[in-house]
Every structure is written in structure tokens, then in C-alpha cells.
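Order as written gives the chain letters A, B, C and D; numbering starts at 1 within each chain.
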């Protein structure tokens, strides 16, 4: 899972992309990057490991001029955590600079990559997304749109994409619609992003969510809906609503916060805890669920755990120092709340929400969801990845800059 | 306001100090530092601008050996934000290395500094705390304890201190007791810290809070209560309970969380809002107050604002990008929650808690509190600082390391 | 012009490559890099802008394990000075990792690149050397040697190459032999380098110079001479002897120092200066020539200019400071030497060595030299590079690591 | 031994100080620093470990405004190599900012420091130079000049000093004149520096060398000779002429190059080598001596060793790589030169120049030289430094900036 954003028609587009990535940081903390395209069509890229706020600074922005930009925050689902895998991908091909930011997983990437390598394509990363870049570059079609279609016809799996070819921006959602993508208006320009919270932070207005199979071209002021990709059954990722997306976002036409509140209510119905003294959440991911549980059950809500707001990726765990409990670094119990209320805190029972309950809370037609993470029931074939070709042997590149 | 910690009798004391500072980060984000003292009495210091997690890493710890350490996280109430002002202060004087970490403000520092400079003392910082170091170094007393007392007799104002002279640790609270300081036990060693949350993170057990005027010496396993400083009326900082301290800490013998809950209940009584649809907090500082208000008023609690957990000090504000609302970088409203209330969100009325209500919530004898931040009623004389001496002219030092 | 090195059969080969690059630093200061291949055939790369000693440190070496390595120091003759152009190039292709370090210029690179891009190859750099990598990857031959030959048949111009395919090292000199390459023995392993000074620093023994058209394969202990490339007239770069190479190197079977001494003697014969008071060099590049001139003419040698040994690439020219002569930053005259001997130093006459004189000093058959830098008489066709294809539009990538 | 420079009356004085330090880099590579004083009398400092060109960049200069500056390049003769010991020292005292750069060694610093510490002075470094700062700050005299004299009366040993008090620059040489200091004119301003090569690089004209005991005050356009320090027998450091200073400098009224040439001639007279084939130097420190030897003996000069110009402090010695000779990293023999000459290069005899011969070459009255480095005959008492006071226990400070 990753966060992606595209911006056009706005001066200093890289700064808007930065803002958007900042609000999408929860979707990936491994690396982030922005490609900006200037008025001459020259594309410039900056990528780095770590958080958006660590990777970019004023100097970087001064090196990323232009009114077109795309950005990416990576959460590595597979492959190594190295800079080469950071996105957006940027390559020169015969149409000029091509930049691509991808949220999703391509299930047939290993086979496609092997084919491409046999034909002499040289890969710079171990990311499945680079397969798309090579397929586009090798297409024999004349128009960029057709080159993209050639490539998309070959890939299986999940992809929400923002792509620039020269100064034109494309926004694409795969036919099953696994991952969200929204279109917003900002001044005379346009913003495409994974979630509505990225529109909010930039002051953009939501125009619409992209539907599964949507293929949109944005050039200057013009937004064109190109013919949709061939239709397939929708398979929205239910985890987007349950965990990935921010509560203040609207995803798949639903308020994420409302879904999470409903999850709490469903849990209270399925797993009532009549003798309980209070309900509390592990902040902040289950705040809304605890509220829903409390509403439905009538059991009082408490804040029993305090979250340390300075917890970050650079924390050094002082293992040598001995008896310290690891969890206390992030959370510490509020003694009085827990003690008031018995002597020892312990788990007396543990209850889960059912898959059906989850889908009820998510609302709509339960068939439209992909719940493979829970059920193992994948909507697309997952090939046996053990037959890795020779070209995937470890290859590590570091750079001093 | 700052966070301080002292550790003795624990291998790799610097790591425990680090953990404690990490949990006290809310008390100051400008700079942080640790001084460690090894078995030979050699003292080593590392200080840096920024968060604890940015200033320290494994390499730094390897350079800070020893079983005695003190640490400091600075919040600059006055003076410039420069490395020279970061604490702990570390100086050689005739007893050997002297390290000092100070939470509080000395109200007669300008005059004392001027006197010392006239006598040939050379200051390295613009911090009031350095005055203490020079007073100790110039004392003609024989014993370190008496040198400290000589210095403390000269200063006015607020000071909670941890000091090392050689391998001995001193923990001191001024006679009015403005700032908290607690003593805890960890294995065979001791931990002194601004708040109990620093004991919790390190797995230490609270032994007692230091009382106003306490002067404690810790050497190896031994903790000695030296004669108390001359008594003065207590003036506990009420803001510690209302805002500064973490809710999971116990401060001035009170649960901070319980005080904040009581503040919410007091507000509900003083400023009822009978027609209100819901209660919500600006996360996370007013979470407990919102809960108290909801309990007392019976009005439903909601989570209407989502906090971005990646907000940090390095955020670059993209002013150029235009119409974006500044507040949205940190918080974003959950549209559905607020829209369920009416069409437009606006302030219809604004109600404050009274000073008396605040003290009622804080509990105990209201005379023991310092409420100067609210009332302007300072318990110690504040001298006219405009008569600055020539030696305070700007002097800036940078270093490349 | 660049420096290249290849190492096999020696533990920590990257360290030997580093030493060699260090002694070849005069051949290029823009960037440097090393690729190391471990016992499993995994290849790792580290490249950076600047001097060898700035780009590598202990940490980097720990990340470059293996007994096979190639290295490169780049001097940019064309193209932008960016990290993407630093070598060695490292790519995955169907045989596994391919690494390549190139000294020379390919004269038909622009046309080849344009063809490759049309076929869907994606270039990462603007360097002509990357063309070779793509040609190898696209070869349909079965064996790596044949893939290399396929590529070499397509390119025109100058190339001394060290290449690894898996754990096999190839050393190749183009049929005209523009650039030097030497083979040395170190313990049970082998070292290939641009100049003999790289063998000396590593303690390796010179085995032989590679001749024009040589194609050598080294695997483990075995060195195999593969069939030579199709013969062409030799065109050794005379500038290697006159300026590029280090005086302590043996290049094209000649002592560079002896050639430079001979240049000085030739100049003394062609351009005698009978009234001159002394001979002096601009240190250090013309030291040997001044000695030769002094020997031949009998005019006394002096050291009249002192070189600042700390001159480096990071020097900041303080233009604002005004009247300072630029040359004095690197050289300063020794007043007494120049004043002894008239009042004002000025140029009274200026004499150059003839092209024939230069070739006489270089020795051997003058037809074997390329003197295009002086005469403009290029041995290979130089295409009109102005017809650059669209894919060479500016594309800039920076990375934060 | 160190390099010092002072600049007044020149816009961007820090840049001129930088240039001067750059040309004085041979006098010390451990650390360097500059203090600049602006029109308001505000002093700013930047210091760092390493070479001048590594410590300063454009950003640093922008932080060092002002038309008065002093600079220092440190070579540590004693004490630890830590940033705290880098100069110039900068302190606030009652006259305002005081900055001091010192070339030399104070022989009674340990005793003075112990006295000062007993009186409550707090030291920041282990450098003897800081003693001077404290003595000045503790002087009860009214005028800065008298405060400086108070301090100088207390110290023994070698000191060439540049000091700023507010916007006034002082240049001082101790009565024995161990270390050089020269005064130059640049536009409407003044430059004081350790050697004339620093004047040359900045385009300044030599006005005069400071004589032993000189005490010069420069303020704006005015240069005042204050009364000389009480006279003592002169003891010029002969090593300045023999090794420390740059050949293009004039030191103690002598051309350094001429002295070194004379050293070679003396050696040829004292230690003739009648059967020798050639004379060669280890570049570059003995270049002039080899020339002198060749002149006097008639034996031919050769360049037999090639110096690697990229040798720097950051070189990583690849000990693991085995048989490489250490010396080859810096020098490599020119095979042909040495082989022309017999089969194996070996030392057949070794001859030194006598102390008398050295002084003859240095010229003038041999009694005026300090030759303690050779003879052990120190002109000032060297106290027993083993009685170190407690306050010199190890104290290490690192900083993250």
C-alpha cells in the first residue's frame, strides 16, 4: 500500500505534491519522492528513504520547478527497502521523460519481468512497478495513450496510477478498483490523490472519485475521460476502510470514520461485554471503533493509554538498559483510570468481529469487496513466485551525494 | 519549562537517561543533551538541537560510558535558540567535572551575571542556568554541598536541579516548589526525573516526590537527605497540571489525568451548553477535558478532528502554494461528524473556565499554587531586565563536526 | 579520459580497486565508483561525486564484499556532471549482474542510442558508455563473450574496458588502442588497470600491457586470451604520454618520465633561449620537461613557483574580496629566485614544440599515434551530434541517502 | 605550530581571513576557525575540525559578516584533538566580545591554569591559550591594552597573537620572537599574518615584519605602535626557516627558499658524495635543498619520486589488502630514473648536516636562534607538567549541529 498524488496547472506543483504526500504519510513511510515537469517538458526527480518531511527541504523544492508534478510515498509490501525501489519511477523513452507512481501490486510481474529481461530490458529496481515502465517503452503504438493501454493489457492485479508523459498527466484505476483515487480542483489546476485528505490539506475541492477502470487524461485546463478499461467485477479493498485510510477521508464513497464507528457498533452487538467497566482504544487507530462500541453498548468510554507523540522511526531501542517494557515507549497506561475502575489488568476474554460483521459495517454490496487479507480468497491468480529468474539475484547500489 | 533526569548506579546510565528524556519530550523540543560520568569520574557530554531521537544514536551512546548520567530537554522560555544554551551544562572546576541540568527560571540572573562578568567570569551561553555554574565554581567553601548552598543562597526564582560533581548526583527543588521532581528506584540504582512517566518508561518504581526545599545527595547505593533549604511559602505551578505534564504522570501528588477530567467537569458546570449536539476535543491535549465535560453534561463525545501523526519540527510550510489553510496540516475535520451537527461550522459562543474553577479541579489548597501565567501575580520579584550589560551583545558560535 | 581498474581472486577486492583508483585519480576527479561481486555472484555498487577518498570510507567497504571488483574514476569529456553518469555502470540482464567501466569515447553513440530508444530501451544516464550496456543486454547470442562481441561490433571510437558478467572479468582494448590498459599479478589474483602506477600502489607485478584489439577473460586463476578484435591501424593517444599519465607509469611500452624529459630536450633544441637566466617548471606537470630542457641547454634549473598542496575541488573562490590574483591560490612565486637573477618578470618570447618534435620525443613509429587533439586529424568519423533525439531532453535526478 | 591571521578595514573580512588561512594550511591541519566582527561590534565564530577548505563554505561566510576578522589553523603540539581546542577563542567579558588566536606555546600554562581554577575560572578547553583569555578577563585594569599587558606579564613562552576587543585588533609578538608575524596593507585595510605568503594570496603588500616584543593596535585606518614589551634576548625558531614556513615566504627577514638552498649547499660541503650518480629530493619539502646540493656538488639533479597530489587526511589505509607498501600511497619511484643509475636501490651511507652548518645556512647571528628542537637547550624554563591538577581530568564534549 502506498500514497500517490498528481498535480497539474498549479505553479510550484512540487510543493502541492509535497503537502499531499504529507497528509498521505500513513500510507507508507519507507521512502518518498516527487517528479516535477517544467514548462519546457524537462522532468526532475528527487527521492529519498524515510518520511516526506525528511526527504524534502527548501533546497530540493528550488530544484523541482514546474506546474506539473507527481509524488509517491512507499510502503514496501515486498522487495527490499532500498532507494532504487523508491518512486516515482522516472525514465527517458522515445516520447521524452516518463514518470510513474503506482499504488497496488501486479500479480504477474515476475513472469513479465523475466520476459522483458530476455528481450534485453535492463531493470534498475526490484519493484513490480518498473515492469509497467518497460512495457510502455517497448510498445509499438504511436500515441502515448495507446502505449499505456498496451502495457495495461499485459498486467494483472491492483493498480492506481498517476503517470506523466511530457506535460500530460494520466490517472488510472484498474478495472477491479482495488485502490482508491480521487480527483480534485485547485484554482485553475487539478489534483489527483489516493485519499480526500490530500485534497483537504491542499485546499482542493473534491470533484469525484475515480471509478474502477477509469482512464483520465489531464493536460493544462482540460480533463478528458478516455474510454474505460475493459470491465471486470469490482473488488474494493476492505482494509482501506478498516485500517489503511485516514478517518477524515472519504473512500469508495464512504466516510472512513463512519465505517469505523459502525465496526465498533457491530463488535458490541457480536461480542457484548456486559460486565465491563469501560471501553478504551489503543490510540489512535481504534478511537472511532471504541466510540462506536461505547455508543452501542452504553459502556463508558475512557482514555486509558497515553500515546507518546514523538515516537518515530529513528528511535533507538536501548535493549541494554534492561527491564523496560517495550510497549511503554509508545503507550503508557494512566494508572488511576485502570486502577479505579480492578487490582490487576489482564485479558479475561478476547473477541473478534466476524467477516460478515465487517462487511456490514463497510456497507453496500458485500460482493464488491476484496477481503483476501482475511479470507485468503484472492480475486486474481497469484503465480508461484519461487521460480525466480537469474536476473533477480541480489544487486545493491548505494550512492554518495 | 524543560525536562530533566538523573540516573546513578545503572550500567549504561546514558541509555536510561535517553529513555527518560524521550518520555519527557513534551516538556521541551528545542534541544537535548546528556552528560555521563564513568567509573574514573571522567565526564562526557553530547548535546544537539532538536528532538531526543534526532540528537542521539548508537554511536553517541558508545561515546557516553558510565553508570552516572544526567539529561535535559530544553524548551526556551527566553534567550536565543542556539546550541550553546543546550543543557546539561558541563564545566571543569576545582573539584573536577561539574554537570548541571536546570528546569525553571532564575529571576535575578541578569544582575548576578553582570556581577560575575565584572569579576572576570567568562560566559559561554546566554542561559540563566550558567549563572549557577559560575557561582558554584567561585564559592570558597570546601565541600561540594556547601559550594552548591553558597550558589543557591544567591539565586531567586524557580529551580528543579540535577547536578553531578564527580560521581555524586544531587537533586534539588527550590523552597517554593514551582517545578516537579520525583525519585525512583531501578534495580540497584536510582532515577530522578521531572515526571513519573520517565520512571514508567524505564521500568523504575516511584519512591517519592521531592518536596519544596528538598536537597538530596545520591552516591552509589546511598540516598541522603541533606538539610532542607530555608522554607518559603509553596507555589506549585498550576500549569503543570493543566497543560505541561503528561496525563499519565503523577505531579504534586495528583494524577494529571484526573485533574484534567475534573477541569472538564468544572467547565461543564460553569459553562453548560444545553443545546450542544456533541463534545469534542482538539487532540490530544484536551482529550481528558472533553471526556469530563461529556460525563458531567451528558452530551455525547465525538472525535471530530483527526491529528496528523507525522507533524514534526521539520515541516516546510509551502506558503507559495497559496490557499491552503495552515491548521489543516496538523488537524483535519471529519466532515460527516460535523455535518451531522448543521450546514456550517461556526463559533456561536465561547466560554472559559474561571481561575477558581481551575484551582478547584486541581484540588488541595488553592493558596499553594502559582497562577502567575493567568493572573500576573508573581510570587518573586521580576527585575527590570532592560538594563542589560555590555557583555550580552550578540555573539554567535557555530561549529562544524 | 578516465581511470579504470579490475581485480579478481583477491579477498576484499574493493579495497584493492580503491587503492588503484587512488593512484589513478589524476585521470578523473568528477566522480568515482566501485562494483564488487561476492562468492554468490551478487554484485554491489557504490558511486559518488568527487574524489576517491571522499566517496569511500570503511562503512562503504563493509558493504562491498567479494573477491572480484571493478572501479572507475570519471573525467567528463562531454555530458553533464551528475551522479547518474558515474561509473561503473551496473545492470541486471538475463545473465545476472553486468558491471562495466569504460575509458574512452564512442563516436557513434548518439545514433546507437537513438536506435535503442526507439526499440524501447530505457536509459538512466547521458553517458555514451550506457549504449554498450544496452547493446550487450539486447544481444541474442548465447555466451557472454559473444554478447560482448555483438556489442563491440556496433560501436566506433575509443574504448578500454573492464567488465564483469557474474564472477568473470573481461578486459578489452579497442583495435586502434587509443587508451592504455595493463595486466598485473597480485598474489593468486589479477589486477587490470589504466596505468602501471595502479599496479605499483597495490604491490602487483606488471605481467604485460594489453595490445590494441586484445580481449582477455579472467575467471578465478585462469587468464584466457580470446580471439583478438578485427585489426585496425594503431592510433595511440599521444596525449597520454605528454600529459595524461603519471610520470612513474609505463604507457605504450614507454616510460612516461623519459618521454617528458625528451620533450624538454626537444624543446631546447627547437627553441633555444641562449640569454635565459634559468629554467623553471610550473609544478608538477612540467617538472620533467624543465629538467630535460636544462640538461640539453645547460641553463640552470630553478624552482620559482611554489605549489599549494591543499588546493582541492572544494575551494571557494572569494570573488568578493577583490584584487587577489587567481593564480596565487595554486602557485606563488619565490620572489628572490625571480628578482635575482631582473626587475620585472615578463614574457619576452614564447616558443612551442613542433608536432614532429613531440612525436620524436614520444619515440617509435610516429604513424601509430593519434594527435587529433593537436592536429584535428581524427582517425574515426565524428558524426554531427546536433541532431539529438527527443529522449535526450534534460532529466535530472537527485537522491537523499 | 599554527597559522594565524588578522584583517581589518576590509569588507567581508572573513573571506580574506579564509584566503590567508588557506595559504597557511601547512602550519596546521587539525582544525581551523574564523571570528568576524561586524559594524555593531557583534562577534560571530565558526570553527571546525579539518582543513580550511572543509570547514568553510558560502553559507558559513554569509553568517560571518563584518570588516574585522581573525583566523587560526591549528597544529596540535599537545592536548587532545577536539573541537573545543580549535581557535580563535571567543568569549564575552566585560568589554564585550574578546577573540584570540595564538601561535606558540606557553610554558607556565599548567600552573597559571591551576591558580585560575582555584579562583573559580571555568575552562572550556585543554588549550594553553585559554589561560590568556581568563587572565585578560580577570585583569582589574581599565583599558583593554592594560588588561592585555596584565595577562602577558604573567605568561612565559612563545606567543604570536592576534586579538580583537570589540572592533579593535591587536597584534603581539613575545619578547623573544619565537614565531613570525608580518603586517601588510590591503586597500584601505590591514592584514596581519604568520607568513608573507598569506599577504601574497590576498594581494596585500608587506609593510614590515613585527619585531620581538612588538605590540600593535589597529583600529579603522590607524596603526599604533604601543610601547614594546620588556626586552629579552631574541630566540627565533630555526625550524621556521628549515621546515615550517613555505619557501615563498620571507621569515625573520630571510627568504625561506634561499635558506633551504643554502642548507643543501652546506650539506654538500659537509657530506660530499663523490661517487653519487644523482641528487634527488623527497618532494616537495626538500626540493630546494636538493637543488642547493646539486649546485654545490655538481652532481646531476633528478626527479626520482612522484608525489600523489590527492593524498589527504581522509585516506583509508586498506591494511587488509596485504602486501602494499605504505609509502607508495604518497610516493612512487620512477623506475627508469632509479634503474639507470644500479640493480637494487639501498642506503649505502647516511649523512646529516651539523647544527653549526644549519645555522650558517640560516645566516645572521647564530645566537639569536632557538634550536631547542635539535639541541634540547630551551630558552625558557619548562615546568614539570606531571603535577596536573584535578581539573584536567578527561572531559569530552561532542555536539550535533
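By our rule, a residue touches a chain if its C-beta (ideal position, glycine included) is under 8 Å from a C-beta of that chain, and two chains touch if they have at least 3 such contacts.
All values derive from a computational prediction rather than experimental measurement.
The contact pattern of B-D recurs in A-C, the pair among C-D, A-C or A-B where over half of the contact pairs coincide by residue number. Distance between chain A and chain B, defined via averaged C-alpha coordinates, is recorded as 38 Å. A straight line joining the Cα centres of chain A and chain C is 47 Å long. The centroid of the Cα atoms in chain B and the matching centroid in chain C are 60 Å apart. Chain contacts: chain B has residues 54 touching two or more partner chains. Chain contacts here close into one cycle, and each chain has exactly two touching partners. Those residues of chain C that touch chain D in the complex are listed here as 10-12, 15-16, 18-19, 22-23, 25-26, 51-54, 56-58, 61, 186-187, 197, 200-203, 246-248, 250, 255, 257-258, 283-284, 287-288, 291, 295, 300-303, 306-310, 312, 314-316, 318, 320-325, 328-329, 332-337. Touching chain B in their complex are the following residues of chain D: 40-50, 54-55, 60, 63, 83, 90-97, 117-124, 133-134, 137-139, 389-401.
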